[in-house]
Every structure is written in structure tokens, then in C-alpha cells.
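What follows is a pair of complexes built around chain A, which joins chain B in one and chain C in the other.
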Partner chain A sequence: METLLAITSIMFFPAGLSLIFSGMLYEWADRKLVARFQNRVGPRWFQPLADTIKLLAKEEIQPLGVNQALFFGLPVVALSGALTAALYVPIFGIQPAYSFPGDLIVTLYLLSLLTMCMGLAGWNSASRFSIVGATRTLTQLFAYEAPFLLALLGPAMAADSWQIGKIVAYTESHWMIVLQPVGFVIALIGLMGKLELPPFDAPEAETEIVAGALTEYSGRGLALFHIGRSVEMVIGVSLVTAFYLGGLGNPLIFLAKSLGLLLVMAFLQSVLVRLRIDQTVGMWWRAGAILALLQILALIVLK
Partner chain B sequence: MITTPNFINKVVTGITTWARVNSPWIIHFNSGSCNGCDIEILATLTPYYDIERFGIKLKGSPRHADILVCTGPVTRQARERLLRVYEQMPEPKFVVAVGSCGISGGTFAGCYNVVGHIDEVLPVDAYIPGCPPRPEAIIDGVVKLLNHLKEGTRPQPIRPEIGDHA
Partner chain C sequence: MNTEARLQRAKDALAPFTRETFAPETNRLDVVIDAGDLTKATAAMLAADCGYLSAITGLDLGVEAGYMEALYHFCDAAAVTSLRVRLSREGQPEIDSVADQVPVASFYERELSEMLGVTVVGTPDPTHLFLPDDWPDGVFPNRRDFKIEDAAPVERDVPKIPEQGRMGNKFIVPIGPQHPALKEPGHFEFAVDGEIITGARMRLGYVHRGIEKATEQRNWIQNLYLLERICGICSHTHTSAYAMGVEKLAQVEVSPRALAIRELIAGMERIHSHLLWLGVVAHEAGFDTLFMYSWRDRETIMNLLEEITGNRVNYSISVLGGVKQDIGPAESKSIHKAMDYLEERIRYYLDIVSTDAMFLQRTRGIGTMTRDEAILYGALGPTARASGLVRDVRLDSPYGAYKHFPISIVTDERGDLEAKFAVRLKELLVTCFTIRTLVDNLPAGDLTVRFPRKVPAGETVSRVEAPRGEAFYFIKSEGGESPTRIKIRTPSLCNWTSVLNKAVGHQLADMPMMISGMDPCFSCNDRMVTVRRKNGSQTMSWFDLRAYGIEKYKSR
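Moving on to the complex of A and B:
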């Protein structure tokens, strides 16, 4: 029974297939919202599914001069990292499948695994565009990761626990968006940096470096990275919603809240223009990290 | 029972064809055009025409693209690059020639620096005439190509005989 439960939770729910499909739905919602903000019709609801199936059915070209094991292994590791992180996160407002003290840190590192894999994949691809893209991906990782972590540590410190379940139980009665507004803004923008959404899409800037780190990937590898990205979007949005917008509560209300968060992200994507990579790093370390640190200092003093 | 593998094969083919028709990612290459067609292609990509409705997306990398949209006659300089971009694309791949020059060499036919029309270098699947074609014509051409894919055939265009221009 135990094993069956474990297999179900890994393969179907909350990780696995259901997460992949909800990732596609989130990606569609994001694209559709951006389209509506730009006053156009936007993609149809099955668009991410069609994209994924098409990519899976395409030829996969292995460029000359790459390490074969890394080239084919990295997309798998990236996706499995993102799917594993889902086991510790309350997705759709349902209690996480597994929980242990300190799982917040593990989750955040599992989420970074995708970015690290993307950087490595770009470095491994032996193409000048993908190497520039990989450098930018990793530079951006070092920019947003610390402020994002500090912003999620705020609720953790307030709840006196590093276990996602306990933090979420605490935030259910305390709306952190009111108590720690700075942390919420940093977490939201950090999430956009993590997902490489428009103001922070310098790592895959189409007009400059073709397609960034994934330039040489075609077919299956590209599809797996795409799915990993959408899964990360679901997990990130759920995490920020649970931490800052009043905990879990009713799954339907939780879904509405996370869609509201997605709406704000789509709005920011459509009104902001791409930052240069040095502007991104400067913004995070000059403003983001210092504000997050100040808030944590205030928390320590006021506690 | 003998028909089962065939049935599965049919279903898989159906699903992949459906996905392919609904998610054509394009890459745009100019092999010596006067930029007229390129401006029309860029206009097609703007929110006004909103081709994301059909799932069409402009991709920067040939490795991600399904359809190569090329404009202009092929110059001697661009020939190698055009072939290289085409060869970098993963199968299945399709080529759409946009504009009169892509179809016949147009006003550049017979120039000393021009190889000829795109058909002489690559197998073209769809031709979109016009000098330059309107964005609606470009969308129509791509949708016609997609309709052929739906039937599982590569389009067999009937192209007029073009006189010698070498």
C-alpha cells in the first residue's frame, strides 16, 4: 500500500502527469493573458499540448563536439528535479505529499536544478550563442536566487519553521502580503526572473542570441526543458500564493488566487521591456537583496 | 488482433499530424531579397494579424523551427548559408517561398550574382506570389501548406514554366 501510494504520488498526483498537464494549462493561461493584454486573440487552449507533442515527434539532432551523455541526460535531470520539487509543495491548495523539517530549502534547490541544467546544457552545446546564453542564465541565477530565497525566508522566520507545511499553516491566519509587502514584491519578481519571463528574458533574447542556452536543442530535449519550465511555473506560483496570499484554505479559492498572481505576472510581462543582463544583476543586488535583508532585519528586531 | 499494431500506428500518426498542423514554428531567412517581402512577413507577425491564433511562432534557432520562410532570389553569397540553415532544421521540415523573386528570381533573374529562384537550391513546398505579398496572402499560403499536412501529403505545386534566365 505504501509503495503504491508512493508510485501514485510520483507518477500521477501531485507530481507526474497531472503536474505536467497543469503546467501546460498554466503556460496557456500565461500566453493567453499576455495576448489579451496586447489586444489580440492569442493561442488556443491546447496550444502547449500540441507544441509538446510536435517537439516529441521531431528529429533530435546531436551537434558535433558535445558530450552525448550530458546532452541527452540534462533535460531528463532538469524535468525530474522540477517534478520532485512538486512533492513538497502544496499544489492546487492540497497538502504536500511529503514533508520534513527544512523541506523549503530542498525545494528551492530542486527548483534551481532546472536553471543549472539549462546553463550546463548551453555550455555543453558547443555553439557560441548557447554559450553566451548559458553565461547569462547562470549570471541571472546568481542575481535573483539570493533575494528570492530571502523573500521566502521571511514567512519562514515569522512562522518559526523551515517546513513548508508549518509555514503554510501559519500563513493561513496571517496574510503575509499585508505583513511583509516588500517580501511579496521580491518573491513575485524573483519568480519572474526564475522563469525567465520578459523583463528578465536576456538569457534567451531572440533578437540577440538566437535562443540562448537551448539554441542547439531540438525535438525531445527541447520539449523536456519546456515542460520543466511550465512545471516550475506551477510550483513557483503555488509556493508564492501559499506563502503570501493567505495559505491553503479551499482548493478553488487557492486556484483563483494563483490565477490572480498569474494575471499580475502577465501584466508585468506585457508592460515591461527586456533588461540588459548587467541591469538585471544591478537591480537585484542594489535594490532586491538590500530590501529583502532590511525586511529580515526588521523581522528580527520586531520579533 | 492482427490489425492492432496498425490501429496503434494510425492513432499515433493521427496525433502527431494533429500536433504538427497546430504548432508550426517558423524561421525567417532572407537570401537576397530587397526587404519588401521581409517587411510584410514582419507585419504578419505583429499583434494586428495575431498568427499565434494558429499556433505559429517565430523562432530564432533553425533547430526549433518546422517551416523555413524564405524570401528573395538566392544570391551566390547566400546559397551556402541558406543550405546550412535548411540542413540545421530537424525533420520533418518544410519550405515556403515568399514573393515573386523566391518563385522565379523576379526582377533579379539573370543577374551575375544570383543563382536563381529558391527552388533551384531547396525543395519548396509552398509558393506565395506577390511583390510583395500582403500579410493575408502569407497567412493563406502557410494555412494551405498546413491543410496539405493534415491530409498527410506534401503539396505538389503546379508552377508555371519559367524561361531560361541564366
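Moving on to the complex of A and C:
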């Protein structure tokens, strides 16, 4: 029975299919909102699903000179990392499936797995655009990862626990966006960096390096990376909402809150110009990391 | 200083080298010099400040005449001084390079050598500029005895393109011919050290259509429609320049009303071109919102052009001897309405590009070109004006209705991308104002006058300010129903030197914006000669293409 439950939770709920579909819905919401901000019509609601089906059905071209195992393995690892992370995160305002002390750190590292896999995939692709893209992806990872982690540690320190379940229980009565506004901003912008959304889309700046690390990917591999990315979006948005916007509460209200967060992200994506990679790194280390550290310091002092 | 004084200055400067002089038109001076004196004469022209080298025309006088000529056109405001160098038709004539004095001349010299079969001694890069790499040796399209049958492609290794900057054992990022950053095919190679560019090189000529050569087989009227198709953005520029030149040759006086309508359409074309540019550069910067907004507003002007001329791209409003469509009360009302909207939007965009902090991070101090560099590289149009160099044919040599409806020039001293935005957007406001003035004060007159079928023999130079800078036309007639030679030099070609020279030291991420910043137009650039591939035919029907694709796929 235990095993069956575990399989169900990985295959269907909360990870697995339900997460993939909600990832597509989030992706659609994001694309639609950005399109509306940009004075476009935007895609229909099933467009991400149609894209995925199309990609899965397409031929996968393997470039010459790549390590085959890595080329086909990395997308799978990336997606499974993102799906596993979902087990510890309260998606849709429902208590996480599994929980243990310190699962916050595990979740964050599982989320980074996707970015690492993309970097490796780009490096493995033996294409010039991919290599430049991979370098940028990994450079950017080192830029936003520390501030993002620190921003999520703020609520954890306030709740005196590194267990997502406990932190969420604490934030339910404490709106962290009010108590730690700096942390919220850094978490939100860090999430955009993690998802490589504009203005942090230098790793896949199409006008310079085509599609960055994923230039050589097509068909199934590309689809898996895309799914992984939208799953990460669901997890990231849920995590930030649960930590900073008043915990879980009612699932419907939680959904509304995370959609509100998505709206803010779409707005930022529309109004900001892409940063060069040196500007991204400079911004995170000169402003992001220092602000996050100052907030942690303030928390320690005030406690 | 008036035009006569300028011509006199050039005449004095060239006196030591002059073999023969004649003045084909009031604003022109042709000086015949020996091939050996070319570099000295060029130096004398530059030293006496007699303008910039605007184009080199290769002219074959025919087998009977027994010689060819290379014409070096120097433009100094309205005055055009042409150095005519006589070259033998026998064997491979030689001429000295002036590229060390005028860097942009290396492009002209490459074109001259591949089209006319002149060896340019000492030119930095002797490879093909426009012609394909598999073009046969010893076949020169601009010679009068050129036959298309001779131009069958030959097998050969692609020659290495000489580099600018350090290229050696480096990581090279290729951009193009097919790349998301490029809307038209061109090929760039950037050697990068991390993200910093250490070398840049370029290959043009992917969109040859052989238009210059094709004009020689068509009559004067057909050519108007052929030349309009050089560029999809500044089509009216080309018809204006051509019509103006041919009308001068035929001594046909066009009515003021027709000239004013031509200027009106040119203004609208400038608005459409600059708004398109704004969107493209914003997209290169990853600012798609501005891209979408500016292209939405561009629709206003496109609809207006469609309402007036019936077409959105090749407006076909000019005919030889006038214009086709009139501006009535209904049209002027919609023009005013469109201008109201556009002026408001352009002010808004100007505000964004000059105040948005994130945007300024990507434009301020990027690709800065000083005024001296702009002169050295031979920059034209808004690219030059953004560096404080006033080069605008509308001001220097007012043509058509610009004599009566002058424009004010916008310049900026800063020379970076930010300045290019400011110059182009302010120019739009000026253009909107000019359009309003024109519509309110259209002179009376007929739309067209009678135009002869044959144009009297003669040569003329016709210069028009395109949205990107000066377009140069040299038209030669021998009194027949079709031209003997039409030489076209479009502004994009002149601006390349500045971008390539400025690339080194910048970041890879800045390159798409810098390339787009000069508003390149590959179609204008490349237009020289028919390319024939191995299977002999260059046209493929849709079914052939499909069958070819399937076959290619199966045979992998």
C-alpha cells in the first residue's frame, strides 16, 4: 500500500501528470499575460499542450560529436529533478506529500538540477551557440542562486525551521511580504532568473545565440526540458507564494495569490529590457546578495 | 560657399593632375586624370576638403571606344566632382587603391574589380564582395561584351576572408546567413574571448538579383518598376532618385505639385522605415514590448500609404514625369489625423528610449563613434548625424520639393546607440511636421507631363536622402530606349565599415544592437548580378522545390 501510494504520488499527484498539466496552464497564463501586456492576442489555452505533443511526436536529431548517453539522459534527469522537488512543496495550497527537517534545502537543490542539466546539455551539444549559452546559463546560476537561497532562508529563520511544512504553518499567521519586503523582492526576481525569463534571458537570447544551451535539442529532449521548465515555474511560484503571501490557507485563495504573483512576473517581463550577462551578474552580487545578507543580519539581530 | 566656388576649389586642387575637364551639368565637374595619379589626386581632394568619396562607377565605353573608365565621385554639398580614370580594355588593367585614405573605398574597389575586371593594386581585400565564390574567373558583368552563358559557376575552395582584429586560434560565433537576429541574409563571424569580441568579419552578397545589369535590358519605364524593387523599405527613394535623374537627362520639367507629392511620400516612407527600425533594435535588445508597440503604430502609416497609393510596400507613386495619385481633401484629412496620433506616440517612445534606466544600460556608450571617425569611415545618414556629422542630401543639395519645403536637421554629438535612437526619433517628429506643411500648402499643377520614349544621350548623377542615408545614382544614356549604365550605391554599404571597426572590444550581446543600429539593408546592398547554379536554372517551381526536398530527405 505504501509503495502504491508513493508511485501514485510520483506518477499522478502531486507530482507527475497533474503537475505537468498545471505547468502547462501556468505557462499558458504567463504567455497570455505577456502577450496582452505587449498588445498581442496571445496563445489559446491549449497551446502549451499542443506544442508539447508536437515536439514529442517529432524526430529527435542528435548532432555529431556528442555523448549520446548524456544527450538523451540529461532531459530526463532534469525533468525528474523538478518533479521530485514537487513532492516537498505545497502545490495548489495542499500540504506537501512528503516532509522531513531540512527539505527546503533539498528542494532548492533539486530545482537547480534543471539548470545544471541545461548547462551540461549545452556543453555536451558541441555547438558554438550552445556552448556560449551553457556558459551563460551556469554563470547566471551562480549569480542568482545565493541571493535566492538567502531570500527563502528569511522566512525559515523566522519560523525557526528548515522544514517547508513548518515554515508554511508559521507564515500562515505572519505575512512575510510585510515583515521581510526585501526578501520577497529578491525571491521574486530570483525566481525570474531561475526560470530565465526576461530580463534574465541572456542565456537564451535568440538574437545573439539562437536558443542558447538548447539550440541543438529537438523533439523529445526539447519537450522534456520545456516541461521541466514549466514544472519549475509552478513549484517556484507556489514556494514564494506560500512563504511570503500568507501560507496555504484555502486552495482557491492560494491559487488566486499565485496567479497574482504570475501577473506581477509577466508585467516585469514585459517592461524590462534584457540584461547582458555581465550586468546580470553585477546586479545580483552588488545589490541582490548584499541586500539579502543585510536582511538576514537584521533578522539575527532582532531575534 | 556656393556650388561654383566648391567646384572651383576642386578644380584648383586637381590642377596638377588634370588631363581634360568638362562640366556635364551645372553642379558637376568631370576631370580626366591618369591612372598613375589617382592616389595623389585623391589625397589632393581630401586635403583641400573637397567632399567625401561617395561612389566609384565602373563604366565600359564599349569595344569600339576601346577603353573603360572608373569614375570616382566626390560629393561636396551639391557639388559632385568625378575623377575619370581611363583604363585599357585589353587584358587586366590596373589601378591603385585609395582604401588607405578612404577606408570605405575598399567595398567600392572590390565591386569595381569583380564587376569591371580591374585589378585594384593594394586593396586590403581582393575577394568577391557581391558575386558568389564560384563565379568564373575572367568574366565581368559590367563589360559590354559580357554574356550570361559565360557565367556558369566553377568548383573552387571558398577563399578565406581577411580578418579585422585578432582572429587566429579563437572561438568564433557565426551569425548568419540564417540567424534569428537577421531579417535578411548576411554573414558575420565574431571571434570572442569569453563574451568580448576580438575580431569581426563579414560576407555580403546573399541576395543578388542582378538589378543593375538587368536595367540595361529594359526600357526607361520598365526600369522604374524594377528599381523600386531594390528595397522593400525605401522603395520610393529608388524611384525618386531614378525618376529625378532620367527627368534631368530628358530635360523634362516636373510640376511643383508632383514634386511635393513625392516629398510627402518620402516623408511617410521615412516614418515607416524608422518605426520599423525602432522595433527591430528593441527586439535585438530583448525588449519585445517596444517592438510590438512600435510596429502596431507603424500600421497607421502603412494604412495611410495604402490609402493614398493603393500599395503598402512598393508604392509606385512616381512615374517618369510626375506622380500617379493626387492628394485630395479626404486624403489630407486622414494624413492630419494619422500625424496627430503618430506625433503623440513618437514623443512617448522618445521619452522611453531616453529615460528608461534599463534600456539606457544597453544603449548608452555602446558603439560610440566620434565625428572624426564618422568622417573617416564615410558614415552616412542618421548614423553620421548621430555622431554630429551633418550629411543629408536634403540639406546639402536640395532636390525636388525640398527647395521649397526644407527640413530641419537633427544631430547629436554623442555617437552611441542612445544618440542613434534620439536622432531617428526626433527626425520622425520633424518629418511629421514637414508632412503637415506639405499637405496644407500643396502647390497647384498637373500631376504628370509628357515624357519621351527615348532619352537624349548624357550622364547624370542623382542623389536622394534615403531613410538610411544618401542613395547615389549614376545614369548614362546613349539616346536609346534603355539606359546604358545605371550605377547604384546605397547607404548601407557605407555604414558597414563603422560597425565592423567598432565591434572589437564590445560584448557579443551588444553586436545585434550595433549591427541593427546603423539600420542595415542587405537587399539594397546586394543587387548586382544574376547568380546561376549548377543545374543551370535558377528558378524552381513550387512542385520542383517540394520534390527536391523530399528527395534530399530520403537520400540522407
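Definition applied: the second predicted complex is superposed on the first by the 303 of 303 C-alpha atoms of A that agree within 3 Å, B and C clash if a C-alpha of one lies under 4 Å from a C-alpha of the other, contacts with A are read in each partner's own complex, and residues count from 1 in each chain.
Here, contacts are C-beta pairs under 8 Å (C-beta built on N, C-alpha and C of every residue); 3 or more make two chains touch, one makes a residue touch a chain.
Fair warning: this is a prediction, and the values are worked out from it, not measured in the lab.
Student: For A:D51, select first, second, both or neither according to whether it touches chain B, chain C, the two together, or no partner.
Tutor: In the superposed model, A:D51 contacts chain B only, not chain C.
Student: Would you check which partner chain A:D103 touches, where first means chain B only, second means chain C only, and both and neither mean what they say?
Tutor: neither
Student: Does the superposition put A:N39 against chain B (first), chain C (second), both, or neither?
Tutor: Both partners, chain B and chain C.
Student: Output check: A:E206 vs chain B and chain C. Expected answer is one of first, second, both, neither. What do you get?
Tutor: A:E206 contacts both chain B and chain C.
Student: So, does A:T215 touch the first partner chain B, the second partner chain C, both, or neither?
Tutor: first
Student: In the superposed arrangement, does A:R276 touch chain B (first), chain C (second), both or neither?
Tutor: A:R276 sits against chain C, while chain B stays out of touch.
Student: In the overlaid three-chain picture, which partner chain does A:P198 touch, first (chain B) or second (chain C), both, or neither?
Tutor: Once the two structures are laid over each other on A, A:P198 reaches chain C alone.
Student: Which holds for A:D30: it touches chain B only (first), chain C only (second), both, or neither?
Tutor: Neither: A:D30 stays clear of chain B and chain C.
Student: Just to be sure I read the superposition right, which of the two partners does A:E59 touch: chain B = first, chain C = second, or both, or neither?
Tutor: first
Student: With the touch criterion stated at the top, can you tell me which chain A residues are shared between the chain B interface and the chain C interface?
Tutor: On chain A, the overlap between the chain B and chain C contacts is residues 38-40, 129, 206-207, 210.
Student: Please output the residues of chain C touching chain A within their complex, sorted ascending.
Tutor: 171-175, 179-181, 192, 194-195, 283-289, 292-293, 296, 356, 358-359, 361-362, 507-512
Student: In their shared complex, at which residues does chain B touch chain A?
Tutor: Interface residues on chain B, with respect to chain A: 15-16, 18-20, 22-23, 47-48, 50, 52-53, 55, 58-61, 63-64, 66, 88, 90-92.
Student: Of all residues in chain A, which touch chain C in the complex?
Tutor: 37-40, 128-129, 131-132, 135, 198-199, 201-202, 205-210, 270-279
Student: What residues of chain A sit close enough to touch chain B in their complex?
Tutor: For chain A paired with chain B, touching residues are 31, 35, 38-44, 46-47, 49-54, 57-61, 129, 206-207, 210-211, 214-219, 222.
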